[in-house]
Amino acid sequence: MDVIIEQCLNGLSLGSLYALIAVGYTVVYGIVQLINFAHGEIFMVGAFGSLTIWLLAGSPTDMSIGFALGVMLPLMVIGGIIFSVLTAMLTEKIAYKPLRSAPRLAPFISAIGISVFLQELVRLFYGQIPGFPDARNKIKYPTITGISGASVDIGGVQLKMTTVFILCALAICTLFLWFYINRTKVGRAMVATSQDQMTARLMGIDVDHVILSAFAVGAGLAAVAGIAQGLYIGDIGYKMGFMAGMKAFTAAVLGGIGNINGAVVGGLVLGVVEAFASQLGDTAWKDVWAFVILILVLVFRPQGIMGAKVVDRA
Amino acid sequence: MTIVSPELQSRYGKPARIVAIVGAAIMVFAPMVPWVYTGKILDDMRRAFDPSGLQILFELVALVLLGVLVTSMFGVKLGKYKNVVAWNSTALAASLGGLGYIAAIVLAVAVVGSQKGLGGLAAAEPGLWIALAGSVIASAGSVFLRKSPRATLAKVPSPAWVQILALVAVVAMVLFMAAFAVNLTEVESFLVCCVFIVAAVFVFRATGVMGWLSIATANNRKVLMLAAFAAAFIFPATQDGSDANMTVVAQVLIFAGTALGLNIVVGLAGLLDMGYIAFLGAGAFTAAVLSRSAYATFSIDLPFPVVVLISGTVAALFGLLIGSPTLRVSGDYLAIVTLAFGEIFRITMVNLDGTDGPNITHGSNGIPAIPNLDFFGFDFGKSHEIFGITITRQANYYLLLLVVIAIVIAVFANLNHSRIGRGWVAIREDEMAAEAMGVNTFTLKLLAFAGGAFLAGMVGAVKAYKDTSVTPDQFVFLESCFLLSAVVLGGMGTVMGVLIGATILKLLPEKLRFFDDYRMLIFGALLVVMMRFRPEGIVADERRQMEFHDEDEELADEVEEELVTHHDLLNPEGGK
Amino acid sequence: MVKTEYAKAVIAATHTEDRSVLLEASNVTMQFGGLTAVDDVSLSIRNGEIVGLIGPNGAGKTTFFNCLTGLYKPTAGQVRFRGELLPPQPRNVVKAGIARTFQNIRLFHNMTALENVMVGMYCRTKTNAIDAIFRLPRHRREERECTEKARRWLSFVGLEGAENHLSRNLPYGDQRRLEIARALATEPGLLLLDEPTAGMNPNETREAEDLIFKIRDLGLAVLVIEHDMRFIFSLCDRVACLVRGAVLVEGPPSHVQADERVIEAYIGAPQDDEDGE
């Protein structure tokens, strides 16, 4: 029983990560019908951004719990978000915006290019900054007092603080997202644009701005996921975006791409399934199953399990 | 190049030509005097009246430029086409001048950059400055020359023997340049050589030589193919029994062959495949598993052609599997599906190690020690002497790969120029309309996947023997990205483009070692830049070009005009 | 006159005064969710007949068309062509002998006129990948014949000089003709034309009319959707008027023209927009 609860918690933490990243895929796809292949790298940039803040703060190791949770962590989160959002917006301006009217192949290949470029940029140059660790290998993520390694015992089940952090992060982000989409002008403009871009433009909506915001929102959540991954797994690396991105994309498709709630649910489902799968079977085939699920969903149920709107992809 | 206004051109045209000729004459003279004070860099430019290889290149440019400028004074008339071939078309002269200029600048920079121990620019001898001055004068003069309105060679009819001769000359030139470039050992010289080649291509295009050649090519396709393959077969002779360059060139061929297979899927059928390296892997593993290696798990002693066919077939079956979702999935979703299949392939190859699955591939260690091919007593592992030319081990495989590439190109071109090729274009343009016109879209898409995969599988079989070992980590997602880059960079749907793209992507990192670490970074950026400015690639397939520039009416008119003239030139009587 | 074997066969069929039923749609109903776009429509077309399909916007004409071309599978009812049930998938329907044009022209616009027509021949040619790869005689012969036939179809519709022109560069009227040539190249027994004169001037319309007569003279049956009443009444042997998914009147032009309900349907109650394809 304890094992089941533990695996559930593991799955939910993992799933929350996927969910946070998946939202970025889904929001962008909903509006411009582009699979932002570089989104995994935005997540990676978020993790490195937060690490940068910590390094700039003098790499504090023995932090008091108040300082760690009250100052350092919020700073790192904000820093990571800023890095990610700026990168995403820049990417959009440089690589996607000029290709709006091009055949679909063009922005997609451009996205692959950005993905490779960002990975290499971090791999080659992060360590060149004086005092920064070499990013060619995995980097140990800073420990935040009160979260890293800490856990509480609830009725015999060890609840890791990182899990609490991730779940809280997901909850806050989802709330924020709900508010943003439903209660702000930009959010409503986003909904309108995703329904019919041309009409939205005719109604006076600045579609370019909406698209840019979509990239920014997705990037912000991905950055949070990046930090969460750093705390949860303990290390980060320039390659971390690829696999996480693929799984998050699977989650987005699972939930019905274009559907934000679906992305969150899809992420959680995928995480829990993966946790139990690795508990039961061997880990060697774990990623294969993730890809098999991805293929099966894309082929047989492209509208996702939530069955939101059918996207004609012809 | 219209840097100078037409009024100025007509006013100063005549004196400017004299200036340009003087500049060109200086350029002709320059290589005769030393350029650099040491022989340590830029091959050997120390001696007077004994130009080095690179200097000879510059000399050639200068001579051509001088010749063009001098003849332009009298105006060469080719029959009734005197308006068409206005040799004083300054596009030619100016670009040639510009070429010399650019090359000289790059050279100078290279000298400075690499001369920490030799005192920087102090190492330069007068010859370098003379060359620079000459090219500046020539360029400055030539921009004042008036551009004839339709300065293009493309429409000049010429007898067949002239065309054939020209094609053979071009092929010979390419062979010479390739051998020369590959044999350059220092980075700086290689860079200068690359600049030279790129500039030469621009000049050819600007003057319509390219257009003329493309018509000559269309008329004499077989001659060109034969000449090109003959040149490629001769290539090992230029290597003097050295294996080093042949290794690189053989790698380029493997890469190019696979990329051509991918080009069927992406370029012709318009389906994005991001797991393509898996087909190469399927072929390579099949050949390895069947080989006489001590680690092979199904070691059967089969003749090599049979192995190649089996490898191709296994890959093709895999291609059918990957292609089957196209019935329901298309566009970016299909790309993701293929990516997922590619990853599944790699992980599976790692897992078939005896612990996580049946032992077929020995997991991440792969299958090493694959013995060399033995063809009727011809041992691919040894050097052979043929007509006094040493054919090394890598050269053996290189020649074998040439045969495979020839097959790949034949398949590609023949499929493209058939009803199947037309069906693919129709699917790319409007899948629904194609279906409504009776085109069996699903079968055609599957055929693209299976056909492309078969070719890649064949290449994979040769790769297994050439590399002597096959491991799963040779077939990672990044390699698929590279293949895609080669196709996109070179030009989707073209053979020539993909060959060039593959050569750039494989040869440059090998020759420019310092650049190796940054190559991924540069390729990433390159993909973005290409998509932005030239999505149709270096060598553009006209149809693809129009698809990417849908609203560009001018382009469509241009292409059409070309189609019509092309047709008229090919069938002087029948066309109307 | 086109002298392909196909054309000869078709002409022979016409000259034997074979007026048997070619297409028989019986009780075709098409529903989308709660909406009934086509409601219990029965229509038969005989060899060598020109039938017009009229009706106000949203009457379900194009939906009915799509049921005939295999794009939609009718929710109820059936379509028989030459006595056989219509096969699934548009490509099989084409092979069976029904070809169509589109309301909004859907040519392969980066292909030349000749290539467009040759795509139409896809389902009537047989070279497979092996033939093509090895350039077998069969492939060459077929390729040659194909080009010849395609040229003839182009001249049949009056596009002799345009074979090497890109279809996107052709004038609007020529694009419509080219679409017809492409459809004819599939060697159909029945040609479906979806608003062939939309956007044409009176002159072009007259030419289109001549072309359709010429097609009929080949022995083909033609089903035309049109809004231009003068055009349809002078062209068709029989006209059916569709209103709200159901056949209101069917009969000779004079009969339909005189029917008050038809006039009322057009001028009376305004309808919703056409559902499109």
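Per-chain numbering from 1; labels A, B and C assigned in written order.
Just so it is clear, a contact is a pair of C-beta atoms (placed from the backbone, for glycine too) under 8 Å apart; a residue touches a chain by one contact, two chains touch by 3 or more.
It should be emphasised that the depicted structure is a prediction, and the values quoted were computed from it without experimental measurement.
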(request) Would you mind checking which chain's mean C-alpha position lies nearest the centre of all protein C-alpha atoms? (result) B
(request) Please name the chain that ends up farthest from chain A once chain centres are defined by their CA atoms averaged. (result) C
(request) Report, in whole Å, the distance between the mean C-alpha point of chain A and the mean C-alpha point of chain C. (result) 51
(request) For chain B and chain C, let me know how many angstrom lie between their CA-based centres, rounded off. (result) 46
(request) State, to the nearest whole Å, the distance from the C-alpha centre of chain A to the C-alpha centre of chain B. (result) 39
(request) Note the residues in chain B that touch 2 or more other chains, in rising order. (result) 432, 547
(request) Note which residues of chain A are touching chain B in the complex, please. (result) 34-35, 94-95, 98-99, 101-110, 112-121, 124, 242, 246, 249, 282, 284-285, 287-288, 291-292, 294-295, 298-300, 302, 313-314
(request) Show which residues of chain B lie in contact with chain A when the two form their complex. (result) 270, 272, 274, 325, 328-333, 335-337, 339-341, 343-344, 347-348, 350-351, 356-357, 431-432, 477-478, 481, 484, 488, 517-518, 520-521, 523-528, 531-532, 535, 547-548, 550-551
(message) Show me the residue ranges of chain B that touch chain C in the complex, using the header's touch definition.
(response) 410-411, 414-415, 418-423, 425-426, 429-430, 432-441, 447, 451, 543, 546-547, 556-557, 559-560, 563-564, 567
(request) In the complex, go through chain C and note every residue touching chain B. (result) 69, 71, 89-91, 94-95, 99-100, 102, 106-112, 115, 118-125, 127, 129, 131-135, 139, 142-143, 146, 164-166, 168-169, 182-183, 186
